[in-house]
Amino acid sequence: MPDSIPQKRHKSPIIPYRLRRRLAPYGFLSPFLLLFAVFLIYPLIRSILMAFTQSYGPQATVFVGLENFKFLFKDSQFWRAFVNTVYFAIGAVSIQLPLSLFLALILNQRIPGRNLLRFAFFVPYLVGPVFVGIIFTLFYTPRYGLFNQTIDFLFGFGLDTRWLTNEYLVMPAIIIAATWTIVGFYMIFFLAALQSIRKELLEAAEVDGAGTLRRLWHITLPGIKPVTVFILVTSTIGAFKLFELPYILLKQNSGPNDSALTIVMYLFQTGFESGDLGYASAIGWVLVAFVVAVSYAQIRLTRTFREDA
Amino acid sequence: MSLKHRIALIFATTLVLFAACLTLLPFLWLLCASVKSNDDLFMYSFLPHNGQAWWDVEWNRLTLFNFKRLFSEFGFHRYAINSIFVSSTQTCLVVLFSSMGGFALAKYRFRGIHLIVTAMLVSMVIPGEVLLGPTYELLYKFGWLDSYKALIIPGSVSVFAMFLYRQSMLSVPNDLLDAARVDGCSEFGIYAEIVMRACKPMTGAIVLMTFMASWNAFLWPQIVLQSRENYTLPIILAQMISLYWSEYGIVMAGTVISIFPVMILFFILQKEFVGGLLSGAVKS
Amino acid sequence: MDERFPFGTILLVFMLTALASGLTLFDRESTDDSRVLTVASFAKIHLLSYEPLLQQFEAEHPGVKVKLELVESRALTQRVFSSFMSGVPGPDVVEIEITHIGRFFSGPLESIGFVDLTDRLHQSGLYDEFVPAKFQAWSNRGRIFGLPRDISPVALLYQPEAFAESGIDPQSIETWDDFYEAGKKLTRDLDGDGLIDQYAIELSDTISDDFHILLLQRGLDYFTPEYKPRLEEDIFIDTLAMYLKMAAGPDRIGAPLPNLVASAQAIRDRYIVSHLGADWRLGGFRMETPALAGLLRLMPLPAWEPGGRRTSTWGGTMMGICKSSPMQKEAWDFLKMIYTSREALLTTYRYTALTPPARFTWDAPEFDQPDPFIGGQKSGRFFIKLAPDVPARVKNPFSYMADQTMHQVIVRSCRRVHEEGYDRVRIIAAEELHRAAKHIEQRMERNPFL
């Protein structure tokens, strides 16, 4: 590497060396900071202010004080969206996390073609939510769709199940589609964590006569805990932002009886389909509060467990 | 390994193999659907076949017609070029801005550094959805709505990418930089010639992440784009599912083409991508 | 070679790609300098029918080129809407579907983005050509903002073979009660596996469109023209109860189609053997699913009481002009061409089967031609006979929200009928409608701009 350092021509500097070195970081940061200020900081502050207005697009705005938040707390549609989102978050995380861990544990063994298998599970992650939605709308077609036909072929029932028009099955259908896309992604993290566990520890335990399950419980699982917490928090945050997948899957609707209305979908509908950017901001900030609270709680909770152990 | 272990492992492997097949099934189905005619789409689950024997495929019923029509009738290349332009420009800008920012944070001490880092960390916690309204309003004031600028420029600031760069730049030894300075290398020269060269794997990871996010983006383009000639692929395809429901083969063909580029890029950048992802996880 | 560019080969490739794609894009944009009149619609078939007329229009307006733009309905609404909110120019002429029109009226009157056409309509004498009821949906605070594109009379599309097999003579069906009795014979388990393979009629238990058709047939809509919800009127509850009997009761005769894409297949398989259908739906079937040729026939809707109205209305579109358009005069000329030229209206009819909204075309011999798609019935004349009876619809800024609420009413009450038993159907209907009315009123209180 050192011999690739370019030899610059020495010229007498116009700006003295020390000053140059002091100014340099600001120069490097300025394009980033400019964009950061304009497209993150300003909108953030503006959005707080907007939450206290009611508007019809950027042109007609009325200041309403805390009215938006008051309405939000009695707005049954918002609470419906909230419950749906929490349902999705809990359902998705509690399926995806163990499933990806299971896949990682198996694909960490020396089995033939494991790289190919890892790849197979990862590839859906590369498909954008819109495209996943497009593909899965057809899968879930009752009677003619692949999903029901596969279930019918394997278990002999469920050919006419209406996944997307039955209010109780919509969320499970979304969770299945979401799991399809994301499991391989989490699996990669688990695999990396598994590989970082020291082999000697496992071997020593085996010599001591610890069975597979005991080794899993006492060595492997504690070893991958930081990554587990990371995935737990990221996947929860991701789940709270659910929007595109159900939006496309349900033809830009919120599902029967609003059963697939998520918080972000509601935010989008109020802000950009009804034009009330103010109320949309209020929804957004309530979402922020929940996301922060839940991630904080998860991190705290996992810490307590460690102290117990 | 004991016999019991072996049996358990074989059982688990079979299970995983089966799950892998199920995971890939949608892709197979998608490919089949894109080469079937409309009448055959729901008549056969995968390929058109003769009576009960699924292996007896009627190859002559398959057609590339859907792909042909996609480009000749629907002008699909226009949306593809839009997507390519927006995603690749955005990728280049993210790499440039965030690597420069990351370099400043990793290799210099200066006034305000703590304030900046704190602000960035806070902004990472807040979901971008809160910013949709104000950013829309801002772009309206700039007169940028319905333009490529509206997609590219707000999208070219990535705090996450900047932290990843900072992370990997910290491991470039300071002695190397000082040696270059003694040799009369400019600060920008150090950044470009030494640090960026050392961080090539990270660049690979960030390229893939940014490109993927931009290529698949739906919510923001859906809000700011007005005219049809500016649409990106997810936008046009989301519309096609309703507009061309009776010619679903074409939509399937469009989907095949749209998910292709990201997969190719992933094949090229696999190693860097996984490395980059993991260093992100370690930091958090 | 990799070493030359410190950011890595992959980024170099991306920079070149960005440059190349950018050049192709911006190169193309600079070439066009004729004035373009953009006409946007969500209906492929409408735009197809305008295409043959463009040459004449462009000849009469030198220097103007017409661009037809197809945008998916929901996306089009959202785009036109946000162009009104933000003042970014949208299309010049736009077609908006009736489901979404209400929200355009929710701001201050002066911020409604459509050109007020009331005076132009009266001055040009065009107003008198239309069925007056059809203007109501496109008006707000006494002003007309769009021209009705259609009349959209509703009839019943049925499969004669399936009816014959079950021994039912469609002529004998006069009321919905008659239809229900016939429907019980048509709803069958064909292969004896305990699952029903054939339903008499397509009725949704998740969305309220079908219910709305039946309601409109009785001359009732969700609101009065004064924005007062009508959900708790007796006749409303009564209609819902009958709907639940057909779509959700233990002896239901209706089911929804699997989904749009698979609908042709499901009809061919006779999963469902009759459908509520407006003229445009027949046109849609003819255009999009030629495989259904010969399978379907038309009959008037069963009435609610003997001698009652035998049609209703479903859907509908208006054509309006955006205020942001710099070419409002040309846009109005375009509208006039579409609506005053006999040839233009008949072209649209040929493509879409839409009964022309202007009466002066109704004597055209075309309407008496047998339609091979429905076994030689004269579909044009059939719908024209229904047209004068078509009920008016009321649309206001709360209509969309009311539609959503009514979807919920359908889902919830269908579910409750399953859970609580059909005996409670009237109570369920009344309770759910009361709940919905409260919800609608709560939201109506919020708009500060009306």
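Residue numbering begins at 1 within each chain, and the chains themselves are lettered A, B and C in the order written.
What we mean here is this: contacts are C-beta pairs under 8 Å (C-beta built on N, C-alpha and C of every residue); 3 or more make two chains touch, one makes a residue touch a chain.
Remember, predicted model here, so these are calculated numbers, not experimental data.
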Which word fits how the chains touch one another: line, ring, star, complete or other?
complete
Comparing centres built from CA atoms, which chain ends up most distant from chain B?
C
Quick check: how many Å separate the C-alpha centres of chain A and chain B?
15
Dist(centroid_CA(chain B), centroid_CA(chain C)) in Å evaluates to 37
Interface hub residues of chain B, defined as touching at least two other chains
42, 136, 140, 193, 197, 223, 238, 242, 248
By residue number and range, which residues of chain C touch two or more other chains?
3, 74-75, 78, 82, 86-87, 261-262, 265
Could you list the positions in chain A whose residues touch two or more of the other chains?
4, 58, 137-138, 141, 144, 252, 272
Touching residues on chain C, where the partner in the complex is chain A
3, 74-75, 77-78, 81-82, 84-87, 103, 106-108, 111, 195, 205-207, 256, 258-259, 261-262, 265-266, 271, 404, 407-408, 411-412, 415, 439, 442, 446, 448-449
Residue numbers on chain B that touch chain A, as the complex places them
5, 8-9, 12-13, 15-17, 19-20, 22-27, 29-30, 33, 42, 45, 96-98, 100-101, 103-105, 107-108, 110, 113, 116, 119-120, 123, 125-127, 129-138, 140-141, 153-154, 156-157, 159, 162, 176, 179-180, 183-189, 191, 193-194, 197-198, 212, 215-219, 223, 234, 237-238, 241-242, 248, 251, 255, 258-259, 262-263, 266, 274, 277-278, 281, 284
For the complex, give me every residue of chain C touching chain B.
3, 6-8, 10-11, 14-15, 17-18, 21-22, 24-25, 42, 44, 69-75, 78-79, 82-83, 86-90, 260-262, 264-265, 288-289, 291
Which bits of chain A are touching chain B when the two form their complex?
1-2, 4-10, 20-22, 24-29, 31-33, 35-36, 38-44, 46-47, 50, 58, 103, 106-107, 109, 111, 117, 120-121, 123-124, 126-131, 133-139, 141, 144, 146, 149-150, 180, 184, 188-189, 192, 212, 227, 230, 233-234, 237, 240-241, 243-244, 248, 251-252, 264, 267-268, 271-272, 277, 280-281, 284-285, 287-288, 291-292, 295
For a test of understanding, state which residues of chain A touch chain C in their complex under the given definition.
4, 54, 56-60, 62, 64, 71, 74, 76, 137-138, 141-145, 160, 162, 164-167, 252, 254, 256-258, 272-275
